[in-house]
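There are two complexes below, and they share chain A, which is joined by chain B in the first and by chain C in the second.
Coming up: the complex of A and B.
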């Protein structure tokens, strides 16, 4: 099967600063889930930003469904079918829940289809349905998190990139979030996940991608990474002992 | 009592004009974090457009509102392309824009003064010196008309931002630029169009100002501080806030002028600026465009 996303020899960095990502390669096929792990500052978020156009790659190729997307604007890449949930909570605080959901279908021309998708998102997240006219900035943290996922549902991407979904969430919410991710994956959407809680992230993934200092260390099936003794000591440390 | 009502109504009419004067300023700040100190000189540019159209072909300044808006919006697009386009995509450079737009204001001021000199002018359509009476309340028609046109334009702007697709994209960009991009908003286009709309609003305000206040190129220095006090009270970036701030300060300054001394009425704006910055720097309505 051909790759949905094919990234080769990616080099990326910020402003006039040094290269942060060096010669990075990453491929993903339809319906696959990959989890990128690595220490703080390894460049995991930077890789996601470079794929989605939030940061323009310095060199290298990024192909999505065979089309070159490197250097394109973020909104153009999004319209190809890549949805990015960045680390910071990505809602529009002074818009109502309904308006936020509607933003998920912003680039959709077919208004009927847009309404269907919003309707479907509300069905999947009934809590939001009760608060459609509330300003989303006044929702609780957990509800805001749900709103982000509901909006992603309305986008219906082919590939979803999720940065640190569990960061700063209470344990119950972490479970809920991984449930959302499992649902996304089972609906056929490919997922690239970056997760601080490597243990939990790898459990949800087919493949583990280990990176450090802006480079790929290795990539293996997730269960092998979970068994790998070095990885258990280095990255899974606390989580593995729990 | 009647007299208080009279003063309040005059203050409100003027307040809506002030609100229109600052709506573009606050829109541009909300979307791009550009503190556009050249906004008042753009208003004066709009006033000159209306003034000359009136002098040369006798066009009523209310009818030249759209023309002044278009001319200044076009000027805005040119300025944006020349000065801001490269950096507008970065959300963190509002300090730098203060210097940049200050310089821009000086240049435009210089050009206008070179051609038209710093003599006082006012557009004088027939209604400019009229007044109407509603019961015992007397309202100069210039203020009534300019207030009504301002309300109309501000309402149109609010509806556009609330309901149109592009208006929603503008609000989304001002609230969370990265998220807006990530749901498919062409943020660069939003920036350009918002800048043009903001400047167009300045131009339309200029057409109205041209028959309400006397103006000359360097008068904008005086307006900068007043306009800053209005947007700071409302909360930089909030259009609702700017309107409410403008109405409150305009009424208060009219009351001070009527019951204390006209010499102190301008003080109201600066005092408000000072107090708000000291005790509630985010203003009444935070920092977002609504």
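Coming up: the complex of A and C.
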């Protein structure tokens, strides 16, 4: 099976600063879930930003469905069927729930299809249907989280990039969030996940991608990653070796 | 309320206050110049058409400043461009600004698009400063530009109507521009374009990864907001019968637009209208009571401070938050 996303020898960094990621390779096939883990500052989020076009790669190739997307504008890349959930909650608090859902279908030209998708999202998350005209900033944390994933459903992407989904969430909400991610994955959408909480992230993934200092350390099936000796070194430092 | 459509859930009566009150107001405004049959009430006509002018401008400014979140304090360059464009044509070729006003608006729009491509790369304080810089550049250029009269500007012929009717053409022209500007603001507020604009005002990166062409949307909004300001400038040039840089390219005009929007509630359709009415009529009332003693400036400032203390989102914005906004003012 061909790769949905194929990233080769990617180099990226911010502004005039040094390279953050060096020679990075990442491939993902349809309906796979990969979780990128690594210590703080490894460049995990930067990889996602380089795919989305929010950050323009300095060199290397990024192909999506065989088409080169490196260096394109973010909105053009997103319209190819990629959905990106940034670190902070990916909703617009100054808009109503209905408007947020409409934003999910923004790039659709077909109005009827857009409405269908919104209806479908509301059916999946009925709580939102009762609050369509409420400002989304006034929803509870759990409801906001539902809105984030309802919007993602409405987009119906081929690939979803999720940056630190559990960051700053109460433990009960973390469970709920990973349930949403599992639902997305089971509907055939490929997912690249960046997660600080390595154990929880790997549990949800097929493959674990381990990064350090902007480089790929190794990639393995998720259930084998935690057994790897190198993981302990990365997270606990060289001292753990002795 | 499982329906996503904008329609309200309760069956609306045949005569809805939301439509009836604005329509009645419009009819009253169309009929108002009839007071001239009963003596010379030029002052009333002047104050009302002055309100039309500023409602046109603050509603237009609201598109980029209110929905888009880009606070431009140099927006009267479009007012000046419209005035000089139509004034120049009138002085040289004798074509009245009433015929060229929409063309003047178009010139302002094209110019707004070009400027927007440059200045909208930055936001926040940097954008505000760039908008003031634009105004200063225009002031200097027009103060020196001999073709359009440099600092003296252009003097235009007065119309030949009897004195009690001489303001009426401007009254109706500005009334039409005002209604059109409010309609434009309303259409933007309720369109997909407006949705994107409001998303951009919240977070540009988040908007971009939703599939919005952020740059195109904000530059288009900037250009749109210039159109009626330019057209109003042309009419205002004819009204004053002279166009001069020190009258059109001063920051006070732009500051008024911004303050009126903030007072009424920026980002709402009716906010700029209410804000303008409150500010202009309050100012005129103080002037009429105490004369031109600069007390009006002091008291208008005080009014702004006190209002924003109790209505931090502007009059319309805060009333809406508290669910106290009368239905006929709730246009989104």
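Rule of thumb we're sticking to: the second predicted complex is superposed on the first by the 229 of 242 C-alpha atoms of A that agree within 3 Å, B and C clash if a C-alpha of one lies under 4 Å from a C-alpha of the other, contacts with A are read in each partner's own complex, and residues count from 1 in each chain.
One rule holds in what follows: a contact is a pair of C-beta atoms (placed from the backbone, for glycine too) under 8 Å apart; a residue touches a chain by one contact, two chains touch by 3 or more.
These numbers come from a predicted model, not from an experiment.
Aligning the shared chain A places chain B and chain C in steric conflict. When both complexes are overlaid on chain A, the residue A:129 reaches chain C alone and has no touch with chain B. Of the two partner chains placed by superposition, chain B and chain C are both touched by A:54.
Judged by the touch definition given at the top, the superposed model places A:191 against neither chain B nor chain C.
Once the two complexes are laid over each other on the shared chain, residue contacts for A:90 go to chain B and to chain C alike. In the superposition on chain A, A:99 contacts both chain B and chain C. Overlaid on A, the two complexes show chain B and chain C touching the same residues of chain A, namely 52, 54, 73-75, 78-79, 84, 86, 90, 92-95, 99, 102-104, 106-107.
Residue ranges of chain A in contact with chain B, taken from their complex: 52-54, 73-75, 78-79, 83-84, 86, 90-95, 99, 102-104, 106-107, 151, 155.
Of all residues in chain C, those touching chain A in their complex are 1-2, 4, 192, 195-196, 198-199, 201-203, 205-206, 208-214. For chain B in complex with chain A, the touching residues are 165, 168-169, 171-172, 175-176, 178-188, 288, 290. If you check the complex, the residues on chain A that touch chain C are 52, 54, 73-75, 78-79, 84, 86, 90, 92-95, 98-99, 101-104, 106-107, 115, 118-119, 122, 129-130, 132-133.
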